[in-house]
Amino acid sequence: MLIAATLAILVVMALAIVRGVMGPTLYDRILAVNMFGTKTVLLISLLGFVMGRPEFLDIAIVYALINFVSVVAVLHYSEYSEFKSRPGEIEQSRKDS
Amino acid sequence: MVLLGFLVCIAIAIVRLKDLFAVVMLSGIYGLLSASFFVTLDAVDVAFTEAAVGAGIATLLMLVTVTMTGRYEHSAHHNSIWALAVVLVTGVLLIYGTLDMPYFGSVDAPAQLHVAPRYINNSMQEIGVPNIVTSVLASYRGYDTLGEVVVIFTAGVGVLALLSAVHRPEKDDGIVSVNVSMHEKYLILRVVTKILIPFILLFALYVQFHGDYGPGGGFQAGVIFAAAIILYSMLFGMSTARRVISQPLIQLLSAIGVLVYGSVGVVSILNGGNFLDYNLLSDDPVAGQHLGILLVELGIGCTVTSVMVIIFFNFAGRTEDHMRNERKSA
Amino acid sequence: MDSVIEFSSALCLLIGSFLCLSGGVGILRFPDFYTRMHAVGVTDTLGAAMILIGLMLLRPENLVLFKLIMILLMTLFINPTASHALARAALHSGLLPLLHRKDKNIGAES
Amino acid sequence: MFLGLYNYWIVVVLMMIGFYIIIAHGNLVKKIVGLNIFQTSVFIFYISVSNIDGGTAPILAEGFNQYSNPLPHVLILTAIVVGIATTALGLALAMRIKEAYGSIEEEEIQQRVNREC
């Protein structure tokens, strides 16, 4: 069961990567990164049990925290840089509204 | 194995993308991926560090830089055919070189035969610390680690020299109002962060002092500590964070960390041993080792935290100044 | 008793993996950012919680159990917050949900 | 043969991708990203070397007697932290260049320098 769950997580990671690479807007990418981070946390926890040494969950905790920090950072700084981004994705939808 | 394939995909995507923001984000994923790969290869300490550093701090610093330097890359591939040729030739040569390598995971590879068995077999009696990585890092190869800490300290000094703003910029109404609106917008985020930050700090302390028994140690703890402070300063504004953690104090701390490390070495000389010979710090050699490792890790943690915070403060401060000037001129 | 716990652990893991997978399909197949956000935000939190509970039921030693609980609490705190902040930032920056754009001629999503 | 050397080949591929970015792209930030990829490939190489079949993480515990090699782990651990320090320094330089020349594209900087001379 553990291995099946690990495989499922790996597949989801692949899907998230696809979205992160394709992602038409910046926010899609942030979403993909966030999801990827959560999946990594799960993967690490599962791997610990699969390999028989589950003491190393500290790493998973660090991932959860760092993931949060980086999402906050991306939001914070995308706000700053927004006004100098090219007429592209976001302005596009704004014009359409 | 699959993870490595992912890594290659991400790297190729990074080559292709022009939007630097996306590139930075993908490099964040790249960091997470390589860290999980390290976990599968049993390198838990390395994974720990890579998670905190490669996925966290590096991405963050790049984000700040990209914010300032502009989001898009100009498509100027001046000499890309030559570059491709050079890269391909080098790659083929390197792959040819790997054909002589011992296979992955083989027990009798030359790398496994020399010092490693001694570390694995003797460290429990000599150092008394279950985490071999910590004992090698802080004791057997303490000299190297001192060098690394000095390198980090130097990088902090370099960033200070390059980016520290001499003048205190006057308060601008525009940026203040932007900040206020942003803070109202992220009310929930701020509340949750306020709850989380004590836990992050506590966890950093746990990592610092549990490093003897599990993955962790000064480097990792320092980075986590710094991440907490950075989180605070992002959500509550740089000026608030500067009031909590004053710049001179943190500069002093970064120097103190190196000093603690060095003075442990000097004390062991004064006790009649070699530099960084912890056996003589106490009557019992193993207790001496414990004490030495504890102090050294403390020094490392101190330096790493303060250098990371210095770097971030200067980056963010510089970017804010830049943005303000740009807004004024616009 | 043992087999009951083992079975429920396997069940939790199974449900968790299924939720994660559906979230993964959702992030790939849904048409615009907000629907993707919905797919991920919902399944991520519950799927992660399910998998972690499944691991807890494997009855590890105390410290590991404690750490798992910490991770669970953290995901429960962090995930919804991050989703909320993300959606909000996207809305503020002027990215409109697909429904609002329907009547205009848009092929923005490629 | 294929499985035995797979890791090393991936390392070479990643390293070359990083190398290509450093050579062929003019944007300084992107160059630093390339440098990071290059760096990570070296990390992966070291960690692959240290791994042993049937080994476990080098933290002593009851019931395990095969541990992977701790020495590369130590080297890479410090290398990662030093790597972030150098990355930070490089990014700081890029910021200063942006302030001084108004651009971080190699060619534009070159033009600007030529004009000023």
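Letters are used for the chains, namely A, B, C and D, taken in the order the chains are written, and counting of residues starts over at 1 for each.
As a working rule, contacts are C-beta pairs under 8 Å (C-beta built on N, C-alpha and C of every residue); 3 or more make two chains touch, one makes a residue touch a chain.
Bear in mind that the values here come from a model prediction, so they are computed numbers and not experimental data.
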Interface with the most contact pairs, given as the two chains involved: B-D
Separation of mean Cα positions, chain D and chain B [Å, integer]: 13
Distance between chain centroids, defined by C-alpha means - chain C, chain D (Å): 31
Whole-Å gap separating chain B and chain C, where each centre is the average of the chain's CA atoms: 28
Multi-chain contact sites of chain B, meaning residues that touch two or more partners: 42, 44, 64, 66, 70, 186, 189, 196, 214-215, 319
Residue numbers of chain C (touch at least two other chains): 74, 78, 81, 85, 89
Per-residue overlap in chain D, given as positions that touch at least 2 other chains: 56-57, 59, 61
Touching pairs - complete list by chain label: A-B, A-C, A-D, B-C, B-D
For the chain D and chain A complex, residues of the former touching the latter: 56-57, 59, 61
Interfacial residue positions of chain B with respect to chain A in the complex: 2-3, 6, 9-10, 13, 19, 21-22, 25-26, 28-29, 32-33, 35-36, 39-40, 42, 44, 47-48, 51-52, 55-56, 59-60, 63-64, 66-67, 70-72, 182, 186, 189, 193, 196, 200, 203, 206-207, 210, 214-216, 220, 224, 227, 230-231, 234-235, 319, 323, 326
Chain C-touching residues of chain B, taken from the complex the two chains share: 185-186, 188-189, 192, 195-196, 199
Contact footprint of chain A on chain C as seen in their complex: 9-10, 13-14, 16-18, 20-21, 23-25, 27-28, 33, 36-37, 40, 44, 47-48, 51-52, 54-55, 58, 60, 63-64, 67-68, 70-71, 74-75, 78-79, 81-83, 85-86, 89-90, 93-96, 100-101, 104, 106, 108-110
Complex interface listing, chain D residues touching chain B: 3-10, 12-21, 23-30, 32-33, 36-37, 40, 43-44, 47-53, 55-61, 67-74, 76-78, 80-89, 91-96, 98-99, 104-108
